[in-house]
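Next come the structures, one after another.
Okay, so chain A shows up in both of these, paired with chain B first and chain C after.
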Partner chain A sequence: MENYKMLNNVAVSENGFLFLPGTGESFTLNEIGRMILEYLKEGNSSNEIIEKIAGEYDVDETVAERDFNDFINQLKNFRIVDAI
Partner chain B sequence: MSKKYYERPVIIKQHSGMMNKFGSSPSLPPITEVEGIPVKELTEKYGSPLFTFSERKIRDNQRKMLRIFKTRYPKVQFAWSYKTNYLGAICSVFHQEGSWAEVVSEFEYDKAKGLGVDGQHIIFNGPDKTEEALEKAVKDKAKIHIDHFDELYSLMEITERLNLKADVAIRVNMDTGIYPKWDRFGFNYENGEAAQALKRIAMNDNLNLIGLHTHIGTYIMSAEPYRQAVIVLVELANMLSKQYDIALDYIDVGGGLPSNNTLKGQYLDAEQILPTYEQYADAITAPLFDLNLKPDELPTLILESGRALIDDAGYLLSTVIGNKRLSNGKRTIIIDAGVNYLFTSHWFNHKIAPAQHSGSFTENSAVYGPLCMNIDVLREDIVLPTMRKGDQVVILYVGAYSVTQWMQFITLRPNVVMIMEDGSVEVIRESEKLENITSSEKVPEKLNSFSLK
Partner chain C sequence: MKIAVTGLNNVDNPGPGVPVIRGIREADDFDGEIIGLIYDALEPGAYMSEVASRNYLIPYPSGGLDIYFERLSQINEIEKIDVIIPTLDAEMFAFAKLKSKLESIGIKTLVPTVEQLTIRGKDKLFSFCEKYNISAPKNYLASSVQDLYKLPSELKYPVVIKGIFYDAYIANNFDEAESYFRKISSKWGYPIIVQEYIKGSEYNVCALGDGEGGTVGAVAMKKLFITDKGKGWAGVSIEDDEIIDISRKVIEELNWIGGAEFEFMRDEETNKNYLLEINPRFPAWVYLAVAAGQNLPHAAVQLAQGKKVETFESYEVGKIFIRYSWDLITDIKKFEEITVKGVLNNE
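Here is the complex of A and B:
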């Protein structure tokens, strides 16, 4: 599974507000969305992130993986993350 | 230790610039049960999708509407519009509440009779009444509402041949100021056709003119057109009394009252912009007092409301098949109920509520049905919380024109249940089986066998 890193110029606040200083675009994230970005920042691999989510939340790994991939695709479109 | 509630990860782009002056429409709060029964329990037992009707709601609607009109005019009679929803159980609830049957075809006529409605309590409307149907209606003493001159001549011929009298009314159309003008049904008032037809009937010994009928349109969003229509009918009734000494038994104002469904292209919710039923009743009843009649000679006011009485008593329960993103990133939800079950979604933005509690994050989504057809769109844009496969939704206000206009297409039609007043659940139409479809098909003998390689 491909791994991702957050691009340098992304600012994320503790309550899920995301700002791209380069373009002035802003976004809001829900709790899990914010956690995923946090884990990416810490340098976790995609598999590690999915495991962590399935461990902490009431969801099985298949669903967590599917949702993770959908979320990452959006982040890529918004130029927030990039594949390593 | 129990795990935390999971909500799928979401990121939503914030847009700056012009505000939407109407605000973003919030997602409806979850509807987890219908009439006290959990949605999950209903679909587990009777399958998904599932049409669910509430007996209590139907009776409440009918009683409330009757009260609204009866407090304004002494003699009121409702006739249930069969085409709006002719499932036997639904019609029977209305008949138990005292409504007559209003039918527009021989099929509906036979259906009403099959349910035990006698001819005198059937109003026979519509442009398509076959000779056989008319004969039946004459013999049964049904109230025949004549739509056009050819029908009038047929009726003259039939009554003469059978040597029977028929109870008739004519349908009148007129300019009530609404667009589009509904002038394809009945006899026009402005061009004198209505007066001409009335004269022909008055002069015929076999035709007993007992009423006047109009039906000005459907989903009429203002009360004023009804006032205009009743003014015309009152004028005609006064003319009949003066010129032919005919006292009418009734004036039938038809239906067309809207429900709380919001039309496509309408900015505000129907609930916010439509007049109240009391306002409609005021407009309909006020001109009736201009009849040149003594109070005990006043005709009965007949109403053929359909949609307004049944729409909010019907719910369509459906299950999420999957989530998807379009090429532009927009979220779509695929559910197991399509436009083949919900013809009305072509002109209404049906309200869709989640059937379970989910996270607080909402996203603008499109809701698609399960058909492999591009037209199968239930909502182009609706704000909904995140949904997982297997989650459920409740589609609201689907009681009218759903289970009559639906079609068997690609999939089979589901169960229809009614939640009874005592909380029990009854299947009022069983889901279709493959045999129901294939049993009426015939394959020519030479096509009976083939071999595929």
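Here is the complex of A and C:
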């Protein structure tokens, strides 16, 4: 599975408010979204993140993987993360 | 020192006068008076007592430069103005042409030259960009409906139909193009600009050129809220080296003097920036540049006086402006004063 990193110019506040200084766009993340970005920031691999989410929210890893991939695709579209 | 500023029409399509004055007033070393020059007795800025000490009605430049200069001279006899900062598109050619005459009566101005104003015109900008390898939407000038049949093959619908001074519509087919052509030409004359349509987001840069190829400062902004007139009602300062660099390059190639606003469209697929327009004056959102750390209006006053100004190298990203409307209540006597005497004293 591909791994990702957050692009340098992305700013996320503790409240889950995400601001892209290069485009002026902003987004509000829910708790899981904020958590995923935090894990990415810490340098976790995709598999590690899926495992953590599955454990944290007590869901099947397949479900966690599907939701993770959906979320990552959105982040890629908005140029918030890049594959490494 | 007395500084006169135009464009106090803080309406739903606001002039830049009030934010320009706000910047000048906030400069640490500002010690003087601000004089408002207004075209209409109901320009809101004239009634805001913290904006200008006195406001004078002046005629539109389209009424003739002699009458225009005569009125400015008349006001100068009373006020002894040191600097005029014009802020509206429609008066730029007038001030460029009157620059030396104004200097002869002791008034300095900061305005682009007639040549600079001509090159940045909507009908000339594409050629300029092509010459200096700056990306701009492809352009075709149409002087008649027949010209719409002869659009170059690289221009495919949808296209943007633009007036030489104002107005722009997206036409999805020939019938729409013809309809917009007639609508715009009856209002703004010829030629009509048929422009390649770039799908994406608009980004703007507010900058100041020193007239010697240097950029005193430049701040990039993304509109967050747009009115039905297409005007930014809220915006945020952003970090974008590419559009700042393009703006600097244009200022350098033209030896641009004065304030300017550069409008870009970023292609949503390729992420490439296209220069859409150069407005030859500060934008109405210029105070965001001041708040982000670049007091460009104050630097403009210094440049007009022939002073050396320090260049701004950075600014704060993530500063937001949110415009609002406010019902200012005043007495009919104020309106009478400006209508009958042509001057409104706020002191």
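Rule of thumb we're sticking to: the second predicted complex is superposed on the first by the 84 of 84 C-alpha atoms of A that agree within 3 Å, B and C clash if a C-alpha of one lies under 4 Å from a C-alpha of the other, contacts with A are read in each partner's own complex, and residues count from 1 in each chain.
Everything below uses one rule, namely that a residue touches a chain if its C-beta (ideal position, glycine included) is under 8 Å from a C-beta of that chain, and two chains touch if they have at least 3 such contacts.
Note that this is a predicted model, so its numbers are computed, not measured.
By the touch criterion stated above, A:N8 is placed in contact with neither chain B nor chain C.
When the two structures are aligned on the shared chain, A:G22 is found in touch with chain C, with no touch to chain B. In the overlay built on the shared chain, the residue A:D67 is in contact with chain B alone; chain C does not reach it. For chain A, the partner that touches more of its residues is B, with chain B and chain C as the two candidates.
The interface of chain A with chain B overlaps its interface with chain C at residues 25.
Within the complex formed with chain B, the residues of chain A that make contact are 18, 25-33, 35-36, 53, 56-59, 63-64, 67-68, 70-71, 73-75, 77-78, 80. On the side of chain B, the complex with chain A involves touching residues 2-14, 323, 325, 329, 359-361, 386, 388. Across the complex, chain A meets chain C through its residues 9, 11, 19, 21-25. Of all residues in chain C, those touching chain A in their complex are 201, 203, 221-222, 224, 235-236, 238-240, 317-318.
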